[in-house]
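Pasting the structures here.
In the two complexes that follow, chain A is the common piece, with chain B as its partner first and chain C second.
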Partner chain A sequence: MEQGEKLRKLKEIKRKALICFQCGVCVGSCPVAFVNEKYNPRRILRNFLFNQSPPQLNLSNLPWLCLHCYACLERCPQNIGLSEVMFKIQHLQFLNGEIPSSFLNAVKQIIKTGRVSPVTPITERRREQLNLPKIETETGVEELKKIIKETGLKKLLFSQEEEKRSG
Partner chain B sequence: MAERETGHKYAFFPGCLVTTRLPYIEAAVRKSMRRLGAELVDMPETTCCPEPTLTKALNQKTWLAIAARNLSIAEEIGLDILTPCNGCYGTFKTVNYIIKTNEKERVKINDTLKKVNREYKGKIQVKHVVEALYKDIGKERIKKEIQKPLKNIKIAVHYGCHLLRPSEIIQLDDPEQPTFLDELVEVLGAKSVDYERKMMCCGGEDLKIHPQTAYSILKEKLSSIKEADPDCIVVTCPLCMIQLDENQALLQRRHRQNFNIPVFYYSELLCLALNINLGDQHFKLHRIKADEVVKKIVKS
Partner chain C sequence: METRIGVYICHCGTNIGGVLDCEALAKFASKLPNVVVAKDYKYMCADPGQEMIKKDIKEFKLNRVVVASCSPRMHEPTFRKCVEEAGLNSFFFEMANIREQVSWCHYDSPKQAFDKAKDLIKAAVAKARLLTPLTPLKVPVEKRVLVIGGGVAGIHAALDLADMGFKVYLVEKEPTIGGWMALLDKTFPTLDCSICILGPKMVDVAKHSNIELFTYSEVLDIEGFVGNFKVRILKKPRYVEVDKCNACSECVNVCPVEVPNKFDGNLGWRKAIYIPFPQAVPPAYLIDEDACLGITPLACGKCQEVCREKGGDAINFDMHPEVLEVSVGAIIVATGYELYDPSKIKEYGYGVYQNVITCFELERLINSSGPTYGKVIRPSDGKEPKKVAFIQCVGSRDEKANVYCSGFCCMYTIKNAILLKEKHPETEIYIFYIDIRANFKGYEEFYRRAREEGIIFIRGKPAEISENPLTKNLTIYCEDLGLGKVISLEVDLVILSTAAIPRHGKDELARKLNIVTGSDGFYLEAHPKLKPIDAATDGVFLCGSAQGPKDIPYSVSQASAAAARAARILSKDYWEIEPIVAYIDESKCRNPKTKCGICATKCPYGAITVEPNKPARVEPAKCHGCGTCAADCPGDAITQMHFTDAQILSQIHAILEENPEEKILCFLCNWCSYAGADLAGTSRLTYPPNARAVRVMCSGRVDKDFVLEAFRLGAGMVLVSGCRLTEFGSDCHYITGNVNAKKRMKIVEKILEKAGISKERFRLEWISASEGDKYAKIIKEMAEKMKKLGKEKIIEENRKAEPFLEKILKKKIT
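Moving on to the complex of A and B:
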């Protein structure tokens, strides 16, 4: 991914964050912040307001802790749509290679099998016990793979791995 | 568009977690819907919805197109799509909303779908199982069919996030103080009990990245539920089920937390109230023993 594209995305996040008046309503609504004081959505936004476009975000894994529960989105008095902004921050982190490997593996699982969770012999036995229809062979997967390629995710995943190797 | 004279008919999308990990939910949904006169048509060639957080973070365009592809399959069958999973529901509702309201996006998404010889026009609606029960089938109909009312059963209702939020898109109930699921529980004859952290997320999404956070949220949630002293918890989502049932059991084993609160998917309780036999094996698949509550209902 070109640096210019990343900067454009960074600016977009900053523009959204600009009207955040740091009231903390999001923090007060956030289940993650409630149990883990390291995670503070208000502070994550503030960093975007003050920092000049860094080549690496170095936000650590924190933004990935967002559950996307949308509690903050419902309550933010500035209607910033924080959980949506968090998606954009995560996306930028992904472009920078700052993504937890467990997440990468989960996405690879979807690409490979078309599902988030595999069909195991236990699955099949249970379904039989419960008189449920057999799971059809993964006929949709080929189309899914094509979509992943067409929409550029395949390329992003590839360059992300390159980045990890060289960095 | 789904309503016909004979009853309600839907394109059924159980989703990955229900299909592979919690098929007992699928069994309860199929049986109770059939009893209530709703027909579920299986969808061929579907894939992960895709799940509402990760794929979207990595590449929004991919997330939109894969979801639209699944929706196009229901549209081809000519039926609204029905899912028992809050995650699939959130994805489909949001993507459907974008396609119906944003012409530019619709064109872009369909440009991608063309590559796999599909098109999604945005003609169908997305429904959650409990939404269909509340809005299409209705409380009156359910009430009429009840054979074993859940008398003296106290239930802690957990809505789950994506069933309600973002409310601007979902538009199912008030995002802060919803009532429809409580009503559905009370129609069965049970009592819905209030608890402090009712609207708190189950935390399940953090299991992959920071289990400690996921478990802390779960503990918070369960402690609050325990205070209300219910017979059981009711959920409408397989991920909430995994978190509240399976991981509750894990908390008990590993951290000696003794909550011991059975968890049911709504349709399971519905089956019990409708006197539908789910088989001897069914409730054994729950991690927190549900036998006592089940016995209490069946014996009534």
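Moving on to the complex of A and C:
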């Protein structure tokens, strides 16, 4: 089933890659490309023209840099919508286990504590100094865990952990 | 008179004879009612075969002829001519297609093929019994022509026709002819001066004894049909008498009002009394009513005073709008194009940044009779630009604006870039493009010349432009695809190559002419390959950019083609029309009582007029014979000649007389689906022999009742198929026949559901003439489904549905 899901995503991305006539307006409009020359969303999409089967994408962390500001969709003359494509690529990479560790850590942190970054003793001390109330630990974590389980995210994360351990 | 039918079975060598027993078929035919003689022969279409028919017509006093041979799309005209030569009306002929749709596609099952051939012959004989004589309609032809639009295309069409000796009325909305071309500086790829080559042609138009020129005029309305159009033209008042004005320009000096001049792209100014440009034809001034201080009552009148002082008396404030009526035999539409408003694309800042201009504005700046007398300057400070960028595809090749490519922008941009470079070689010029389209004679060479002259081409669509508020310089941000890097380039002047778009008001004119526009908004030709000049309405022709963006050579070629197509009609005294048109039985028409008018809304050609309290009326000369109105008439008051309800029902009855539950009845349109079925045979694709085709001119002709009657008679399956209909458009030869068929068949599906007929037993498909394989595939699928359902279930469903269908069809079954 996972393989079928991968193929379907790949096909959707490829369809967009086929329509793109390579004008580059997306790259010129992209705030990420403006500061990071390595990030070229047009070229990321173009690579999918030649991917025939679910590959190890080896795109490194680049697709995860997309800010989803939608400037590219706003100006794309072929209505390709690279923001949406980047979501699909991220999904595909996720299924392949190609997730930036910082992103994975953030997700785990959320599952564990309900927060993106951990509450450290330094944070607590600082809050005390500023007369801010103490942070209650584990707010709504149980509910969050339920959601993550129901949506299947937990299973996905777990199985990847397994794979990494065995491989 | 007694109906006496002769039936002729053709062997077509072994093409038919090798699969079917033609002698046995002739024997079968001879026993059908009203058949007097039935014979088989090796080649019916050859001279001896035709002679045999002619002889038999005399000998046996035949008054109907049926030939069972190839497709009627192949030899119907041959045999029609044959019976006509023997003294019969050519419409007393019917064909049974036992080659393309029997022997060529069912050679693997000769026994079932034989049964199918019998059914098709029986159906043809049944229809032959009900045939009526028809004579081609003849309409007289007015030997005059109307040309709408006086641009380069309209001018050429008018001159060609006038030279052939036809009277031409040329109507132009603006005060001068010449169109866009008269405002250009040079033309690509030869760089000859635009007005120098067009100007003499404009003068020719004015001087030609066969051309009557109506400038500053519009077409009010058009009535009639091919050969006989009545056109009313509105002539707006110029307040200057053209014959008396000698264009001395004294009036301009005294006029106190100044307004932007649209002929200069609003970059320059003109007075309220003005001439569009020095070479205008007619060479006379006019007063802009909206700009003038007042005409009634007269507020200023200085122009008139000075004109009289100088000895002229050209200015006449008592002019009024005039309406003139002309009769013409054909109409040429050459209304041209407009330019896209680039202010809609916010990121380029047109209308906000002063130094972002359009290609047309540059064209006027570079032109020596333009507002700057040929000096290209920045609008912000009047300085000459040192660094210039052109941006291509502004509003074209863009799903958000216009999907199509405007075609000529690449070339005029290259032209303007070369002109700029030649005037000021030190200017840096950049062209931002997606693809360069340089696909006609000398164009690619011209593109190379531009690169050789130092113009820099950057592949990439600019993302945005920003302005330095102090210097008013512009910075372009764009990915250079060659480098794969985002670049920012500061320039003095940006020129946007805007898309060519259809004229404002094109829909209004389309309504008056009863022609249609395509998905791009330009006027649509009758057929993209074989009738590229004809509009959907007979006698109306298209040329120039009204039909789609095109450059000067292409427009001129099309104009000459349109002139030739129009002359094809104008050169005749009478124009013949196929008589398979619609006919309205006034006593049955419900319009006088119920204000029905459905037929008029269905007709794609506006051939039906519906007035209150009167029966609907068909103009035969406008009717193309699709039969959609006949199928949709709720009172069954409309008959399509040669495809009458009775004739088609008789075919259905004949086909479904025996074992109907085993048969697939197919209603196929003549132009696409029937041709597709023929192609399956020509390609020797085999498919199950249960399919029986009934040919109609258009899927729009297929009445609800035909399908219901087929099921009432116990048909196993029914297929209705027409020309391709997709989200991108329709290939229908009658514009919207298949669209109407689709709407109607949705209702049929609901009725069948109520009647308890399984959904899969009725199918609506779009099969083109090239999709023989698709036809074969669909019949295979339907035959399989029919097998799956089983004979018993089909018979059971039909038995249960019969009373319900009978109730609906009450009036039809007699």
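Following the convention adopted for this analysis, the second predicted complex is superposed on the first by the 148 of 167 C-alpha atoms of A that agree within 3 Å, B and C clash if a C-alpha of one lies under 4 Å from a C-alpha of the other, contacts with A are read in each partner's own complex, and residues count from 1 in each chain.
The rule is simple: a residue touches a chain if its C-beta (ideal position, glycine included) is under 8 Å from a C-beta of that chain, and two chains touch if they have at least 3 such contacts.
Because the structure is predicted, anything quoted here is derived from the model rather than measured.
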Partner chain in contact with A:21 - chain B first, chain C second, else both or neither: second
Which superposed partner A:42 touches (first chain B, second chain C, both, neither): second
Contacts of A:34 with chain B and chain C, given as first, second, both or neither: both
Partner chain(s) touched by A:77 [first = chain B, second = chain C, both, neither]: second
Partner chain(s) touched by A:3 [first = chain B, second = chain C, both, neither]: neither
Residue contacts with chain A in the superposition, chain B compared against chain C: B
Partner chain in contact with A:68 - chain B first, chain C second, else both or neither: first
Residues of chain A at both interfaces, chain B in one complex, chain C in the other: 34
Complex interface listing, chain A residues touching chain C: 21-29, 33-34, 37, 40, 42-43, 75, 77-79
Chain A contact footprint on chain B (complex, rising order): 16-17, 19-21, 23-24, 26-27, 30, 42, 44-48, 50-62, 65-66, 69, 112-113, 115-116, 118, 161-162, 165-167, 175-176, 199-201, 203, 205-206, 208-210, 212-213, 216-217, 220, 279, 281-282, 285
In the complex with chain A, residue positions of chain C that touch it: 347, 393, 397-400, 434-435, 459-464, 477-481, 484-486
Contacting residues of chain A [partner chain B, same complex]: 31-32, 34-36, 39, 61, 64-65, 67-71, 73-74, 83, 87, 90-91, 94, 99-100, 102-103, 106-107, 110, 114-120, 123, 126-127, 129-133, 135-136, 138-141, 143-144, 146-148, 150-153, 156-157
